[in-house]
Amino acid sequence: MSSSIGHLFKLTTFGESHGPAVGGIIDGCPSGLKLNVVKIQQFLNRRKPSASFISTDRDEDDQVEFLSGIIDGVTLGTPIGFLIKNKDARSSDYNNLKDVFRPSHADFTYEKKYGLRDYRGGGRSSARETVNWVVGGAIASQILLQKGITVTSYVSSVGHIDVGADYLDVDSDLIYSNVIRCPISEKANEMEQLIKSCKANGDTVGGCISTVIKGVPFGLGEPVFHKLQSAIASSILNINTCKGVEFGLGFDYSRKRGSEGNDLFCVKSGVVGTTTNHSGGIVGGISNGQDICFRSAFKPVSSLFMEQRSINNKLKDVTIKPSGRHDACVLPRAVPIVDAMTAMIILDYYLLNKTTKISDL
Amino acid sequence: MSSSIGHLFKLTTFGESHGPAVGGIIDGCPSGLKLNVVKIQQFLNRRKPSASFISTDRDEDDQVEFLSGIIDGVTLGTPIGFLIKNKDARSSDYNNLKDVFRPSHADFTYEKKYGLRDYRGGGRSSARETVNWVVGGAIASQILLQKGITVTSYVSSVGHIDVGADYLDVDSDLIYSNVIRCPISEKANEMEQLIKSCKANGDTVGGCISTVIKGVPFGLGEPVFHKLQSAIASSILNINTCKGVEFGLGFDYSRKRGSEGNDLFCVKSGVVGTTTNHSGGIVGGISNGQDICFRSAFKPVSSLFMEQRSINNKLKDVTIKPSGRHDACVLPRAVPIVDAMTAMIILDYYLLNKTTKISDL
Amino acid sequence: MSSSIGHLFKLTTFGESHGPAVGGIIDGCPSGLKLNVVKIQQFLNRRKPSASFISTDRDEDDQVEFLSGIIDGVTLGTPIGFLIKNKDARSSDYNNLKDVFRPSHADFTYEKKYGLRDYRGGGRSSARETVNWVVGGAIASQILLQKGITVTSYVSSVGHIDVGADYLDVDSDLIYSNVIRCPISEKANEMEQLIKSCKANGDTVGGCISTVIKGVPFGLGEPVFHKLQSAIASSILNINTCKGVEFGLGFDYSRKRGSEGNDLFCVKSGVVGTTTNHSGGIVGGISNGQDICFRSAFKPVSSLFMEQRSINNKLKDVTIKPSGRHDACVLPRAVPIVDAMTAMIILDYYLLNKTTKISDL
Amino acid sequence: MSSSIGHLFKLTTFGESHGPAVGGIIDGCPSGLKLNVVKIQQFLNRRKPSASFISTDRDEDDQVEFLSGIIDGVTLGTPIGFLIKNKDARSSDYNNLKDVFRPSHADFTYEKKYGLRDYRGGGRSSARETVNWVVGGAIASQILLQKGITVTSYVSSVGHIDVGADYLDVDSDLIYSNVIRCPISEKANEMEQLIKSCKANGDTVGGCISTVIKGVPFGLGEPVFHKLQSAIASSILNINTCKGVEFGLGFDYSRKRGSEGNDLFCVKSGVVGTTTNHSGGIVGGISNGQDICFRSAFKPVSSLFMEQRSINNKLKDVTIKPSGRHDACVLPRAVPIVDAMTAMIILDYYLLNKTTKISDL
């Protein structure tokens, strides 16, 4: 159960950070989709540790190999097996961590849950796993695009530096114009300086990602226990270091009165819309045809390049200084991961909604 | 799919607000549990619209009838069917809403998704449904208690009034000492005044609920796609008007450096703990043995007792003034609902974790 | 998990034979279906213990009460909760069985699995539960009928008396012309005599049911692990006393050569068919557009009205003579149950197939 | 959905017969299992097309590569990714079948379901896929063995030649003493002659496999909708060419009276058993502690090496003579596949049963 996501469009994954490969199986991808493999690889490249100063130095080419489910570039409707080989794993970096639990890392919880763990690079708890998600999300995105649905995420804060602008006021074309993936360039510059200074100190810093889904039809979301916000949050909170999700006005909404918070209806060109979008495009768990927007909070990466006190598996105090390769700020690389997760969920709920009405059958 | 939650301990529900009854089926409740029916009813009573000024005047006795799965007060291991009759439904209150979509209500999205809807009292989108969840949560709680696990929620903010205290600094015994379910009495008073003033104006107000789970063993949570925070958030975001969830430091965590955010290990009486609990008791998606704590944001109820502009199903402008019965602030009644959802999830993941290690079989 | 069947059209049930009620929740029923409640009740009546000599004397009126999911006779798309009260339960009949395990009954296995059991009328192991399935199947049938799909079952053998005719050679209009539900009247007479003589001796007898599904479109069935025959067999083998299922030529097929067993293609009015239907309408796990036909074997009911040796829960030898009410031959009443299970599965796979091709989205 | 089997021990697979590889992911394998890789390969070798005259000449070494979930030969509790490369695929053999539908093959149904298909070697409908199942079953078997549970299958009939003996009267040590995998050597000889003569004619022949599961504890099986026989039959009927399954006396049971069919209880060394085992070890859907036994029917392989009439995708008549490589009788190679499927199901239900009683938690 642990390693599958989705109901009709379903991704199941495997892989440890320093094993021979990571990979997965996409089940339920509709047949007849002409895959744009170049775009899939572009999506993957966005998640790659770039040459940029702010990321890990690990150099993976993250080339996805498809093993099934595709003929002449077209999906067969059968499961799409894929793998990405782990090339630049320097497991020896982790030998000194074999018996040690790094603070705020999953070393300890994996050891307690399973009785043993793959200590090399965090094993399965590594964000290396997320490359699998991006493969799934990249394919889901191509189907969504055919239906006019797009998912766009960007870094909206790093530490205390916030874009300070609503998603409506940013130019999404600028997101990838800088290494931060923040569409407001002066803020991106500030964020970059902050990350640089953290990295210089061996420290790390957290931040937030904002996401907008456009073109979502009316009616997605299963009321009661699989509300659309529940499904999205569920997927996003699986991303390493994610600690919170909010929809529309989110936590700010909790401080409002109903009289200022309600979204009033309006009719534009015969289509029902709302004059505001405080609810973030989801009402009663179901998409209302407006943009769906949400924000995710990511804590700072726990791997520091400074000495930290910790304990080993004999419960003795130790001092550790990690020598693996890690990001000083995970936010820029998390952007395509949030996109991927969101795309998979929206597609899954799009498919689930195809059998809602007797008149659709 | 829409109406089930859980994997091994699973609740499936039915019911419209003004139908003959709501109810559900609890499947996977272990056999041999001596149910404390009085405590179940107490749990339900906490969710009932009280005589209190702040809630709806609807007078339901919310008496649960168990139809199966129990013999001589002990669970049989077979599904527990139950129902709660709808007694005080005044459907005529809603006749004027038959063709009208109330702003920020699910009227419109249900109509678009299903092509028709039960307009009486919101039908299935009503929070009436949550009484079913409390039945499930009340039973789950009794099993958890046998394992030393407790779930405690309280109102931590209403509008701009915040308890301003960490959960460690509040006395959970005081939660139910006031109608707000806020353990700090002076704050509770302020919140009460705020809600009263909103109600006087026909307005509503949102707020936040904080939750602490104590006694959770190491190892709950399925890494990768069913991380414990993902499972909890997924359940909580199904609660009507919930717009956000955060774990541990949550959104504040995103503003921290790693050097100040990491939870350092310590050993207390031979057991590994942490000196701080910024992560909220979950690391790598798995419980680390510390208290699990999270906070949920609820928007103000959208049913106002003031005139609002809206549209009808012919897309014409209308002015509505609801005449049903609604809460001015949903927070106090949402407390047991958050407790219930959390208890069901924790129990489900407790059960899932029983087959993790070969040495457990 | 135990008490749910289906993926998109999903039935979850509850109930012990002598509890206050049995019932269930149908989730995923498409909205906008005008339910024919009279036909649902007719379906239920076919399963009722009739006044006929061959069945139990228990007199249940089996009136289904719908509690949700329907407005003005039309499905809302929300879960349909329903219950059937247990009226004529004479639990005292079973007092003498409280500590005793009846041979080939589920008394013993329930006791071992759960540590306790509801001994009254077999509790949840009773065929009383199947009334819930018929509710689900009756609704599924109405949707299938709109798509031109029909499910027809009949008794094809009782003991050694076999209809001795292919399903193509029987007149399905005659199935309900006799109490046996066998379309060949002389065979029905023989079967009736056999059952009468068994009943006279306090004995019981088994038999087979044949089922034909007509109008199934091409393409139902999920290859590899949810082949259509797998899904059907899985549902049918849940019926009490069912011990085997075979498709098309079934076990006889295993004795054939390929050269005599293959179904050759032919084209009729531009549609691809086969000249024979040895495979029973399913090839590679997927419906091929021909009639789907299968046969199910039911062992004789284990409750005898003669003395039998058994043991009690202290593992001591006892002699029992059941005094409850039971069928001498379950076959006639199992016919609508097989129909119901089949209809639910076919509908579920019909819905699952709606998102197979990108061109369908 | 199509490509996963199991609830807690779950296998998801991918792969076309002539793609680069087949493979899968085993999720939910408990941690701490010391894998015997040699035994896994032995299990796989039993399924391999042997050098024997009776099988396809395709020469695959079927070497499984594990990609994750294992460290130092011990399972980590994380998903076990694996693949088996397709080495000896001669896709050109199938060029003449690109536009043609072979009788009783899945060519046609795949084309109708998906709108396109991989015609090379049957694509995903090929029995090549079953090598993945054997990997899953081989690992499941090792866990079961630690609990004293064994699964043993053998060929009990080929065409009209039947072992004519109860499973109790055969020596399971002799199963692999001949190429037929039939424990009674003279019958094995007859079967071999029959298969040889079929092969000589370009024909094929069906048969039956019998399976015995020993050491199953009391209580496996989820009553109502996931009865143990339902779960087993569901898995077995996914095996290519399988057309029927029966438990215990099976179809013969349907011809019995209750007075001769019931299994009477007896107590042996303080443990409750039965004097006969007509029910095949499952009562009320739950294992009763006796041997579980069932029989599966397999139709003859549809690929003949003789001319057959068929149609092409323009619905024109054609004559085909397949030139790929196929088994004349699939039974011997199906034996380990039945074993594998059975082992996975039994393990899954073993795990599901670990949380049944409150006293087990």
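Labels for the chains are A, B, C and D, by order of writing; each one numbers its residues from 1.
As a working rule, contacts are C-beta pairs under 8 Å (C-beta built on N, C-alpha and C of every residue); 3 or more make two chains touch, one makes a residue touch a chain.
This is a predicted model, so every value here is computed, not measured.
Steps from chain A to chain C, minimised over paths through touching chains, total 1.
Common neighbours of chain C and chain D under the contact rule above are A, B. Farthest chain from chain B (centres taken as the mean of C-alpha atoms): D.
With each centre defined as the average position of its C-alpha atoms, the distance from chain A to chain D rounds to 39 Å.
Rounded to whole angstrom units, the spacing between the C-alpha centres of chain B and chain D is 46. In whole angstrom, the spacing between the mean C-alpha positions of chain A and chain B is 26.
Counting only residues that touch two or more partner chains, chain B has 1-4, 7-8, 13, 28, 31-32, 77-78, 113-115, 124, 223, 352, 356-357, 359. On the side of chain B, the complex with chain A involves touching residues 1-5, 7, 13, 101, 103-106, 108-110, 112-115, 124-125, 129, 157, 159-160, 198, 201, 203-208, 218-219, 221-227, 229-231, 233-235, 237-238, 240, 242-251, 253-259, 261-267, 270, 272, 274, 278-280, 283-289, 297-304, 306, 308-311, 315, 352-353, 356-357, 359.
Taken together, the chain A residues at the contact with chain C in this complex read 8, 28, 30-33, 75, 77-78, 143, 146-147, 223, 350-352, 354-361. Note for the complex: chain C touches chain B at residues 1-4, 7-8, 10, 12-16, 19-25, 27-28, 31-32, 65, 67-69, 71, 74, 76-81, 83, 113-118, 123-124.
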